[in-house]
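Taking it in order: structure first as structure tokens, then the write-up.
Labels A, B and C are assigned to the chains in the order they are written; within every chain, residues are numbered from 1.
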Amino acid sequence: MVTTRRSAAPLLLLLLPAALLALPQVLPRFHIYVAEIVLLTALLATSLNLAIGYTGLYQFGHAVFYGIGAYGTALTLTRSGMPAPVAFLAGPLAAAALSLLIGLICIRLSKLYFGMLQISLGSLVWAVVYRWYSFTGGDDGIHGIPLPDAIGSPKGSYYFTLAVTALCVFAMYRIVRSPFGKVIQGIRDNPVRAAAIGVDVRLHQLAVLVIAGFFGGVAGSLFVVVENSVFPDMMFWTFSLEVLIMCLLGGMYTFFGPFVGASAIVLLRVFASVHTRYWSLLLGTILALVIIFLPDGVLGVFVRRPRKREAPDA
Amino acid sequence: MMDFAANLFSAGTLSQILVGLSRTTILFIVSSGMSLILGVLRIPNVAHGSLYMIGAFAAWSVIQFLGGGLFAFLAAMLVAPLIVAAVGFVLERGFFSYLYEREHLMLLLLTFAFMLILGDLVKIVWGPEYRSVTVPSFFQGSAEIFGLPLPWYNLFLLIVGPCIAVFLWLVINRTNLGKIARAAAVDGEMVGAVGVNVGWVFAFTFVLGSFLAGLGGALIAPMVNISLGMDHSLIMETFLIVIIGGLGNMWGALLGSLIFGLTQSLGILVWPQFGIAFPYLAVVAVLVVRPRGLLRSTW
Amino acid sequence: MLDVESVVKSFDGFKAVDGANLRVDAGEIVAVIGPNGAGKTTLFHLLTGHLSPDSGRILFKGKEIGGLPPHVICRRGITRSFQVANIFPRLSVFENVQIAVLSRERKTFRIFSPVAGMAKEEVDRILRSVGLFDRRDVESDLLSHGEKKVLEIAVALGGNPELLILDEPTAGMAPEETERCIRLIRKLSEESGLTILFCEHDIALVFEIANRIMVMVRGVTVVQGSGEEVRRNSEVQSAYLGESGEC
């Protein structure tokens, strides 16, 4: 439906993967770490955008799925005897299940109410995790999580993160271009019309929430790989809104907008943390400027209104 | 089991409840401010917590400036909220009012942007360490309620709360400005069409809501460490309260605050580690039965 | 096919529909007319599940449908167009109809197949029959008002309905567009035997194509019958007294 300019696409398609694959051979360790954070945050933002940009749901509490995905994986790795692959499935599945549960509670509410309640329920989960010292480590979090050697090393973790992110983003891309993807966009633009053509709006919205929660959980489990630890603030509500900012900055109505936005914010934060103590001030100012002047986000500047095209293209 | 029951119904519980209620006062004051803004302007003001925090810090500064004592304290209770109201005025007229035509999501994110900005501005102005305000000697010590001590300051709060409620009710229902604001909450366009300068009505509402947030912060100053991070913790509770009570309904804010405060106090009594979850469960229970909140919402 | 019996719907005490009766037989074209505020659109909302009746029965092919949600009613075989053009603005003309077809084919949960080109033949056929084929790639928000109303009909057709309900299909259309719309409605009825129920303000149009007409005044069904019967009915005459239009 909305595409980047055709001339840029083939070039990007060649250069980007090459650069991404070559990265760890070329850059110092800290930069590899930053790249990993960029990738998983971009995955998180893209998963959020499924709910908010494509379906129009006011998903204000997305960070909780990220956090539960991380904790699910971390706890499975540290407490159960299960092998790593199970752990990396357990986290996202837990996130998806939680997403379904919260979705069922909130779905009857419209728009803002939905968002406010979701963020509040997310805070509840945060509070429980924060206080359940014996199980979750409380405000200390969990550290020194054991990982299989292949993905524990700096290069290994990078390639793992890259592979999983690429796979998940590709999956979401396919979803967005599928009948389901079209229907949820229809629901976003005109839920009354969607119902009138036979679409069970609530059911589809719940499905999106589960999918978005799942992929958010995957991003969380990738964090475990990158950092070897988890902590409660991963699911704090301010982070939910930060991820929302990433989607907004990059452009909520494009597929790669959130990716761009997440990359920008993560890189900015890394850069800014070296030079200033006032990251919140910087982020807040950028956000305010984007909202006031660039409501369609950065990519939105290039992709405002798609005009008449040759063939139907999603 | 008998011990537990005896515990629950003892005078200790009662005094716990009263203490809980006095904290509820603060919640109510802040929530009513948010409810006002939400109801009339349709803005879920995430920066509300920041305003609350500024109120606390400003109160500290006023008391420092005036050298402590009862007079300084009372002055702070008035001046700090006024400072916050001024900040609110700048926010509303300078930024938010330009985006009323946009979707709620944008406005909410803009208020979040200001929460970030104000948070760091507070850090710049007051520094990162926490401050404290001592209760003025007039309020020190405790009264005897049900044979158990209840700090005078808590009693003071228990009295202030209803006074504010009455004051707000008068403003909203008995003044012209209040009536216009209520009308604007229901149908802003019509009010504008009748010749009222809706802009000033909105500004007034936001300023009043900000004043209340600042007042809440000033009032709680003697009871807590005044620190950065006060903005984060309060805002979720406020959201929950206005959701339970019905968006935009002031009595809803009162009811919501009571439910929230009481379930929290009782929860902590019954299950100290996770009692904090009780209000959330109450919210879920309420919303399953009445999705729009307990009282009529203006939405 | 459709039986509406004594349906009542009020809003906060105001009775928008207060005893409506309607019968539509298979293959017919039935029109509902009445002065403004007669409750026509409310009745249509009741038929398609956007509102629930307070009392009365709505039977479609013998089964009660009153109070069912819109998507269920659509699956039973009733689709509609809306009075104010209600399409998916960000999707193209093709995609608008496509989504309706895919919904009917129960493919809305397919997440891994690309949607581009799905149901192409079906969608193209519908677009051709309504005359929007050469606009198929245009973003529907950019269409003219008249084209949007036709798109509405195309989307409703995507659901392969047994009963097609059109809410003021020619409202706001220029004369030639209205002509084309009338021809389209006739064609749909004659070629596919589609049962059509519509409401209109344009009385001449109604008398031109409707087999039977139901007249509503202030929420009540006054008469239902052929054009002649309606013309002769005294209540109808008094209701329309003062209104221009050939009655």
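Operating definition for what follows: a residue touches a chain if its C-beta (ideal position, glycine included) is under 8 Å from a C-beta of that chain, and two chains touch if they have at least 3 such contacts.
Bear in mind that the values here come from a model prediction, so they are computed numbers and not experimental data.
Colleague: So which chains count as neighbours of both chain B and chain C?
Modeller: Where chain B and chain C share a partner, that partner set is A.
Colleague: Using C-alpha centroids, which chain lies at the maximum separation from chain B?
Modeller: C
Colleague: Mean of the CA atoms for each chain, then the mean for all of them together: which chain is nearest?
Modeller: A
Colleague: How many angstrom lie between the centres of chain B and chain C, each centre taken as the mean Cα position?
Modeller: 51
Colleague: For chain A and chain C, let me know how many angstrom lie between their CA-based centres, rounded off.
Modeller: Here the centre of chain C sits 42 Å away from the centre of chain A.
Colleague: Between chain A and chain B, what distance separates the C-alpha centroids? Give it in angstrom.
Modeller: 32
Colleague: Show which residues of chain A lie in contact with chain C when the two form their complex.
Modeller: Per the touch definition, chain A meets chain C at residues 1, 174-175, 177-183, 185-186, 189-190, 192-201, 204, 207, 211, 305-314.
Colleague: Mind pulling up the chain B residues that touch chain A in the complex?
Modeller: Spelled out, the residues of chain B in touch with chain A are 44, 46, 95, 98-99, 102, 104-106, 108-110, 112-117, 119-121, 123-124, 232, 236, 239-240, 243, 247, 273-274, 276-277, 280, 283-284, 287-288, 291-292.
Colleague: Taking the complex as given, what residues does chain C use to touch chain A?
Modeller: Residue positions touching the partner: 48-50, 69-71, 74-75, 79-80, 82, 86-92, 94-95, 98-100, 102-104, 107-118, 136-139, 155-156, 158-159.
Colleague: Using the touch definition up top, name the residues of chain A that touch chain B in the complex.
Modeller: So the residues of chain A in touch with chain B come to 52, 58, 60, 105, 108-109, 111-113, 115-117, 119-121, 123-124, 127-128, 131-132, 236-238, 241, 244-245, 248, 277-281, 283-285, 287-288, 291-292, 295.
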